[in-house]
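What follows is a pair of complexes built around subunit A, which joins subunit B in one and subunit C in the other.
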Partner chain A sequence: MATFSVHVTIENKPGISDPEGDTILNDLVLKGTHKNISKIKTAKMLKFTIQEKDKKTAEKKIQEICDELRIYNPMVSKVTIDVFE
Partner chain B sequence: MSLEPQELEDLKSKIGREPTSTELQIVAAEWSEHCSYKSSKKHLKMLPMTGPLVISEKGYDSGVLDVGDGYVITAHIESHNHPSAVEPYGGAATGVGGVIRDILSAGTRPIAIFDGLRFGDIEKDQQARWLFKNAVTGIADYGNCLGIPTIGGEVEFDECYSNYALVDVAAIGFGKKENLIKNHANKGDLVVLMGGSTGRDGIGGSQFASDSLESEDRSAVQVPDPFIEKLVIEAILEARNHNLINALKDLGGGGLSCAVSETADTLGIGIEMDVDKVHTKESGMHPDEIMVSESQERMLIVTNKKKLKKLQEICKKFSITCSVIGHVTSGNLMHVKKGAKTFANISTDVVANAHLLDRPSKKPAYLDAIQKEKKLKPITNLSKTLMRLISSPNIASKIWVYSQYDHEVGIRTVVKPGKDASVLRLDNGKFLSAKIDGNPKQCYINPREGAIGCFEEACRNVVCTGAKPIGMLDHLQFGNPEDPEIFWTFLESLKGLTDFAKYFKIPCIGGKVSLYNETPSGPIKPTPLIGVLGLIDKKPLIPQKVLDGDSLIMIGDTKDELGGSEYYEYIHKFIGGNCPKVDFAESKKNMKSVLDLIKKQLLKVCHDCSKGGLAVAASEICMTNQIGCQLSLEKVPGEKLSDDKKLFSESHSRYLAVIDKKNIKKVEETLQKNKVSYKTIGKFTGNKIQFNHGKNTVIDLSVDKAQKAWVSSLGELVTHG
Partner chain C sequence: MKVGVVVFPGSNCDRDMFHVLTDVFKLDAQYFWHEKGLPKNIDAVILPGGFSYGDRLRAGVIAAHSPVIADVQKMAKKGIPILGVCNGFQILVESGLLPGVLLKNTSLNFMCEWTNLIVENNKTPFTSQFKLYQKIPIPIANGEGRYYVDDDSLKQLKKNNQIVFRYENVVNGSTDRIAGVCNEDGNVVGMMPHPERAVESEINPIDNKPSSLIFESLLSSMGVTH
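This part shows the complex of A and B:
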């Protein structure tokens, strides 16, 4: 058994609007001098620490937990899972 | 998104050629059940829609009532069932946004929101809990951000909504009569799209709403942005004040297709527009996508060249985008171009008027058997039964829900949620009372009487505040209308509502029909939802503190009508029996008498008997006032019935009134003069809710214990499962 740190990033699927990201872009960043920014997307990240036998099982287990507990809505959100040792 | 084969033939013969792909998309959106009302429109005409207070103008999305002194109120109801079943937070929130824009499109400021929510059995079903929790948060977040109070509604749970959600939102607007938008347009006027950008979100939503919800067909998700909506509201109202708006329409189901074709058709004009001028969220959108996108927070304005500059200044001030997307032409063509290239050029008369259907109807087979009574297991401990009912999700206090809503912002709310109906103060010194009610359990057993019952209950609720009903909104939610048995239940409910509305001279000022509400396990129960608006000329009845020694009078007869009651369904798990029926003459007499008593200021509290019957209604008065009551069941007016039936029957037209000792005589005089069936059935004292029959105590509950369960059980269920 080893300890893994698993990062789950939840963001709106492409094509679904993101008012928070748009607002940060238009009303904060672009109002300054940072004209080379073209897009900001907000996301939520959960950092899990888990004991598992390997990286793959850790990722699978976390995915299962998120699905089962409805931590995100599969209709709306895109989920990316990154595992670190 | 597609048309039925015969609809495609119909379209081809009407335009005399093959439609283009954009035309097909536009027509499919507009001819969907959701936009065209093709199944229901022929029948909806039976409802009375005129009255001395009703103002009807072409192109309004909301009903308008004259409340005197140069003021009007507007009201509308909408549902967002399919989107909320998929994404409860966004679906419920954008539902609020949509109905608010309907209010805005008449040129009035939205001042209140109501919501009616229905989900599966949250005691057993985790999915239902998840939907419930998120839908409530969605409504709260959206309404609270806009600064519009959510002042009432209702919540109900029933297994027939498993894996589904009914989210109904009603809104009320208020304004000066002279500020109402008089929709008109002349050749050469400009067509402006204002508000949020058009994106790929919510594509095909209205078509989606007209299909049954199957597990993988869940594509339309809309993301709410209340801050843009707030800016849109303020910009529109300012533009209205400067008389910059010739015609106004909100973008809802069907997006630009519906807004443009309906505006053109209502005003008898043509519109030429260029999709390249529409401000979009992403580049490279196809004209078809732009035309049917249901992106939120958008309004269509017809203005003219002279007014445009000022309108643009206002939009700039509120930092919202507005684009001139086209202009008004003579004739009746909806001409959609991209640059110089034509993508659609079609008569709006064809687009906006789908072929109306005459669907077959047939009485459902289940109805004959279901009205039979069943011998039920006798209950020995009725105190326990009452306690279970008080803590049941359908009866428990909905404070967990409405405490999340800002219900006071705008400082108009005189009577707050949690009572029979909420009351708003209007600028002309009058008061407006409003309530929405539904009862699918009774409507399932008897679609006609059930629907009438919802209507009467909403009337009772506003009457309890001292308001005279002046208008109603109906929201008819049923399953797939292609099933003759379902269509029959729709027609029966509609006929019942029509009869009641005509008898009481309450005009229907708006409504919505939502069909194809099917879950994976079948159609929902018939769920008509009725909103009633009442006007109080002088003073509303604001509930006063009940004190030791006050008397409880019951007005109206209790009958053997427990079909669809919480007692039969929640306690005995029995679906069936005698559905409560409203006796129109008795109902009218009782309403009038209660209004008389309130006008004479003889009542301290007035509460109607509905879910859970007399037992629950009386307990609610005790719990909200933290005082006990001694009640005598043998005095309850009406038929001779067993104790449990007297306690839990849900007969209509019944009111409980709390009266100060010194006023009893005057109250009785009024009731006798009006020949109303009534009795003094109880006296407030101590700290126990006690129902007695002669010398026997049938129910004995401590007020504190009952109150704790009543207030906290729903919240605990949601948060801890």
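This part shows the complex of A and C:
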């Protein structure tokens, strides 16, 4: 068994409004000199530490946990799972 | 006739609700801690407002996994009236008992103000004493109160007459100004505004009678006459 760090990023699906991201973009970033930024999306990240036999199993297990316990609401959100050794 | 008020860690409108049920409407009410089951002789269940688990992860999602919810699910299937107010509504959607989801208000602000609701469905156990499209002055107090469903789900809600309350005006960006919905059978109702804060004239500066009809409807559905 090895220990993996797994980053779960929860963000709104495309088409679901993200007023916080819009505010950061329009009222902070674009009011400065950074005119080449076109989009900012906020997200929530959970960092799991898990013991599993390999990277692939760790990812699968975390995906199961996210689905089973509704760590994200599939109606409006999606998760991205990144595993680090 | 007994009404169960479920208490989660972080509920903070449970006592207001209990007071209204017992002192104002003379009902037999009882608190139930979320880790325990509900007895079979409960005639209605109310999930009160508050901040269960401090809204951690997402409002209502952790409470939706509480042991008591399994019993609420069973009672919902039996047709027992179930009302979720504010955080109680968030718990009902996160547990799958009601459709949709409640997102952060478009303003990103916690909104605490009086608003007007319009009754869109007067066939539920909590709205049967209203006239259709009757107006209810009522307070809201929430940060994650923006009801959202996608277009297909909205069509289903309309088709099944599941939209129970709409805001009179655009308040927080909710889809189709929805403030409250019910399940397909109509016995499970969720609403963001707080009727328990509006039924007494001492604390309602506008008109306490419309909000009272929510509880009068429950009494009527339970066969209780004053």
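Please note the rule applied: the second predicted complex is superposed on the first by the 85 of 85 C-alpha atoms of A that agree within 3 Å, B and C clash if a C-alpha of one lies under 4 Å from a C-alpha of the other, contacts with A are read in each partner's own complex, and residues count from 1 in each chain.
Methods note: a contact is a pair of C-beta atoms (placed from the backbone, for glycine too) under 8 Å apart; a residue touches a chain by one contact, two chains touch by 3 or more.
Computed from a prediction, not measured in an experiment: that's the story for all the values here.
*Asks:* Check the residue A:73 against both partner chains and state whether it touches subunit B (first), subunit C (second), both, or neither.
*Replies:* It touches subunit B and subunit C both.
*Asks:* Would you check which partner chain A:49 touches, where first means subunit B only, second means subunit C only, and both and neither mean what they say?
*Replies:* neither
*Asks:* Considering only the touch criterion stated at the top, classify A:16 as touching first (subunit B), second (subunit C), both, or neither.
*Replies:* In the superposition, A:16 contacts both subunit B and subunit C.
*Asks:* Scan A:33 for contacts with subunit B and subunit C and give back first, second, both or neither.
*Replies:* Neither subunit B nor subunit C is touched by A:33.
*Asks:* Where on subunit A do subunit B and subunit C both make contact?
*Replies:* 16-17, 19, 23, 70, 73, 75-76
*Asks:* Would you mind writing out the residues of subunit A in touch with subunit B in their complex?
*Replies:* Residue list for subunit A touching subunit B: 12, 15-19, 23, 70, 73, 75-76.
*Asks:* Please give the residue numbers of subunit A that touch subunit C in the complex, ascending.
*Replies:* For subunit A paired with subunit C, touching residues are 16-17, 19-20, 23, 69-71, 73, 75-76.
*Asks:* Which bits of subunit C are touching subunit A when the two form their complex?
*Replies:* 57-58, 61, 64-65, 94, 100-101, 103-104, 106-108, 148-150, 173
*Asks:* Under the definition above, what is the set of subunit B residues touching subunit A in their complex?
*Replies:* 86-87, 90, 130, 199-201, 218, 221, 223-225, 227-228, 281-282, 295
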